[in-house]
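Note that subunit A is present in both complexes that follow, paired respectively with subunit B and with subunit C.
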Partner chain A sequence: MQLLLQSLTLALLNGAIYALMAMGITFIASIMRIINWSTGEFYMVGSFAHLALLTVIFPALGLTLPMAWLLSALLAMGLVFVLGMVVQRTLIAPMHRPGTQAFEYATIMTVALSVLLQNGAIMIAGPNQYSVPDYMRPILLEDLEIVLNGSRVASGLAALAIILLFYVLLYRTSLGLAFRGIAQNRLAAETAGLNLKTMDMLAFGIGTGLCAVAGALLAPVFLVHPLNGAAATMKGFEIIVIGGIGSLGGAVVAAFGLALVEGLGATFYRAELQQLYGFVFLIGFLVFRPQGLFGHRERRV
Partner chain B sequence: MMPQSSMIDLLSATRKLPASWWPNELTPGVAAALATAFLPLMLNDYQLQVMWVAFYLAVLAISWNLVAGYGGMFSLAQHALATIGGYSSAAAVLALGLPVWWGVVCGGLAAALLGYLLGHATLHLRSLYFAIATWVFAEVARQLITINYEITRGAMGLQVPYLFSTLDPIAYFYLFLGLLLVAFGASAILLRTKLGYRIQAVRDDEELAIANGVNAARAKRTIFAMSAGMAGMAGAMYGHAVGLLAPSQADFSQMSLIIIAAVLGGYRTLWGPIIGAILIQAVAEMLRFSQEGRLVIFAALLIVVFRLYPQGVMGALKILATLLRRRRQAEGKTQ
Partner chain C sequence: MSTADALLNVAGLGVGYVPGIDILRNIDLRAERGKVTTIIGPNGAGKSTLLRCIFGLLPARRGTVEFAGSIMEATAPDRRKLDGMAYVPQHHSTCPQLTIEENLRLGGWLLRRRKPEMQARLDEIYERFPVLAERRRIKATQLSGGQLRTLAVAKELIVQPRLMLLDEPSVGMSPKVAQEVYAMLAALPSQGVTVLLVDQNITDAVAMSDSVYLIAEGGVQRHGTGRWFTENISDVIREMLQGA
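Our next item is the complex of A and B:
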């Protein structure tokens, strides 16, 4: 019973962070109609920015804040948001040049970018693993006799809060309305007077920023090292295919579902297969229902 | 996308093939291969080794360029198909006791068969999903090879017999030079057959091609399986040339290397993958950085070149040639 409760809670917390990651990929896919193959590297950059802020820059400035980890995770998100916008404007925006196949161009560019960032990080930081101080002490629930990893609880809750904020942005602001319009139909949105160049840039920044904050929040659990983005990318792709590419609700549902299956499967079936559960779902969906749980066809003008 | 008129030209060409089956590009190709065949007179063993690894990468890049560049199927599984070819060959040689050369043939056939099945399952998907599906295939292949360590020896690597009784790199140099010439010639000839014109018509506009009577699904599957077979055979030869197979060959970084080689040299050109593969191998040898340093240089090089010249080195050369021709014409007018 305790085991079940414990793995359920952990799965819920993991799900929140998976969801952040997957929303980052699927948001970019829904606005720009491309897959960002360097997602995992922006995640990695986010976790390194968080590490640098938390262990080097804050102490150097003499800052001792009560919730320094949250502040530094948000700052890391902001940094990567700006980085993402610069990358989009300089490297990815030319995909709309006449005579260029946008999808191919973006794939080649983001694959190259991922090689550059990943190996650049290995050169700078070495193939080492870094850890950050725990966000919170372990939480003991005496009635249920469960011990929870405090860092996981803290980062899971922070991830939930960011997901909520993102939903408010999308469904309660005019910017969000514009994004939803573009996701439905780019041509119609442009006809209605939206500046797609700016919106693409913002969307890429937001998407990479979400991945970065996921990396920062997961730092105490999965550690900070140059290759930590690869596993995260895998999870992200599994989730967006299950949920349906371009569907944010689908990404959230699939993220929690996958986290549950993984958590329970690892506890009660075979732990070494944990990485493969997602693949099984992924292949099943690709073969039988490629539009995913909530995906739908693009509307035409 | 190509302008419509050239599309129609392509489609009518599927009914009227060029008079000669010998492609224009093949003559300089054979000449270059003959010239390269004399290189061992000047190079030492280490340089020969570096050269044949470049040739191997060039073959993989050619096979990927055929699928992605000419066929419009942006696959991310070429490295995995090569790895599968290698392991299938090992299975044929070690478990069934076949001669090594038969193993290489088995590796190519196994990869072609898997490629056909993979194509059958995924080629109807839109490009976004197709790229992810092939990426998943590669990841699953890598994980299965790693997990089943009782059979594959996992990340420890599987020792396989060598192709030749000698370890002299000259033998492998000629082997991969021959393979490269065959791959280059085969794709050049393939692009002049009916199938070649059909697949290019499908790439430019699938609906229009289907409306003109092209069986798009069959053309795509066939090309995909052929390219998989090419990659699988190359992978099998590589395994028997190095004597060791490892699941890291199906790592995504290998796929990035193939993409970098093909795109840096010239995406959707016949010579591009060869130029790109030799170029990055040359850069790697000149700079003598760590593995990571090399990859950083390659990626940065690709980003800059691709941003400025999406057609890669071949595109830059073409632009240069047009500029020179124009200047000559202008000089001719002034005189």
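Our next item is the complex of A and C:
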């Protein structure tokens, strides 16, 4: 019973962080109609920015805050938000002309960008693994007789809060209404007077910022190294296929589903096969429900 | 009609999609303030392309688009919207999964920081189009064809544009619903909106127009008043069919 409770709790916390990643991918895909293959690398850049802030910059500035890890993760998200917008405007936007052949090249550009960012990180930080200090001490729940990893609890709760804020942005603000409009019909948004170039740039910044904060929050659990984005990319794409491409709600549900399958499989069968459970889950969806949980069978026209 | 009366003045316009091939070669056209101007022509004449270019969705290869006395330079639809131009495309001009009210608020993007004004305009729209008021909380995908068209027009009217570009407003509609849409459009000039209409439904469109242009083969083939076109409709249709 304790084992079940422990794995369910961890699945909830992991699911929240997976959801951030997947929302980042699916948000960019809905707005810009391109898949960002450099998602994992923005996750990696987020984790490095977090590492630098937390272990070098804050101590150098003499900052000793009670929740420095949270401030650092949010700053990492902000930095990558700006980096994402610069990258979108300079490298992707020139090719991102829907309805033209060049549009396909925008996706290829994100593949090239992933190689560039990986190798850039290796050049700067070397092929080493780094760790950040734990966010919290382990939490002992005496009544239930379970122990939870404090860093996971802290990062999972922070991720849940960011997801909530993102939903508030999307469903309670005029900017969110504009994004939802663009996701459904770019022309209708353009005739409303929206500048789609600016909105695409913002969307790319927000999407990559979400991935970056996931990388930052997970830093004490999965370590920080130049290739840590690869697994994150894989996870993110598993989730958006299961949830249905373009569906933010689907991404959140699928993220928790995947975390649950992985957690239960690792606890009750074999821990070393944890990555495999997710793929079996994915293949099951591709066979029985290829459009995903909340996707549509038809492609958008 | 002097040039000063023209809200929109298009001169020598050339537009195309593929390098070396012009869809429109040399278009001269004016839309007078507070009037309905209609463009007719055979399929493929470039009528929709002309509207797209006027709204800034396509760059002009040659010529000028002058709106309210200023030459429109860059292809930036958001700038033209800000200047008072609105465009209702033939298809896909609303967001199906947004509610009616959300669609209208999206159309009122320029008013997003002026909340009381946005609410006042929404109230005006609901008063003018009760069919939308009754359904404000339902998604656009649940509307009928005529209601969707009304929503598409209302979505642009909410910012009180000076010029409304409309592409085939009655396409795919039953004659009864089309009549309702034309009645709504015919009322726009009295509300201070100049209308530039592209239509295949020649008889109805010409009947409500002050000025009509027949375009074919990349240029204006004939220009006259709505009354002249109505009186000579058979000849015009024959001319269009021969040109098609």
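The criterion applied here is as follows: the second predicted complex is superposed on the first by the 284 of 301 C-alpha atoms of A that agree within 3 Å, B and C clash if a C-alpha of one lies under 4 Å from a C-alpha of the other, contacts with A are read in each partner's own complex, and residues count from 1 in each chain.
The rule is simple: a residue touches a chain if its C-beta (ideal position, glycine included) is under 8 Å from a C-beta of that chain, and two chains touch if they have at least 3 such contacts.
All figures in this text were calculated on a predicted structure; none of them were measured in a lab.
Placing subunit B and subunit C on a common subunit A by superposition gives a fit, with no clash between them.
For the superposed model, the angle subtended at the Cα centre of subunit A by subunit B and subunit C works out to 80 degrees in steps of 10.
Contacts of A:174 after superposition on the shared chain: subunit C is touched, whereas subunit B is not.
In the superposed model, A:122 lies in contact with subunit B only, and not with subunit C. When the two complexes are overlaid on their common chain A, residue A:190 makes contact with subunit C while staying clear of subunit B.
Ranking subunit B and subunit C by residues of subunit A touched puts B first.
Of the two partner chains placed by the overlay, only subunit B lies in contact with A:109; subunit C stays clear of it. Of all C-alpha pairs spanning subunit B and subunit C in the superposed arrangement, the closest lie 6 Å apart.
Partner subunit A is touched in their complex by these residues of subunit C: 55, 57, 76-78, 81-82, 86-89, 92-98, 102-103, 105-110, 112, 155-156, 159. Interface residues of subunit A, counted against subunit B in their complex, comprise 29, 33-35, 90-91, 94, 99-101, 103-105, 107-109, 111-116, 118-120, 122-123, 230, 234, 237, 241, 245, 272, 275-276, 279, 282-283, 286-287, 290.
Listed in rising order, the residues of subunit A touching subunit C in the complex are 174, 177-178, 180-181, 184-185, 187-195.
The touching residues of subunit B, counted against subunit A in their complex, run 1, 68, 74, 121-122, 125, 127-129, 131-133, 135-136, 139-140, 143, 147, 252-253, 255-256, 259-260, 263, 267, 290-293, 295-296, 298-300, 302-303, 306-307, 310.
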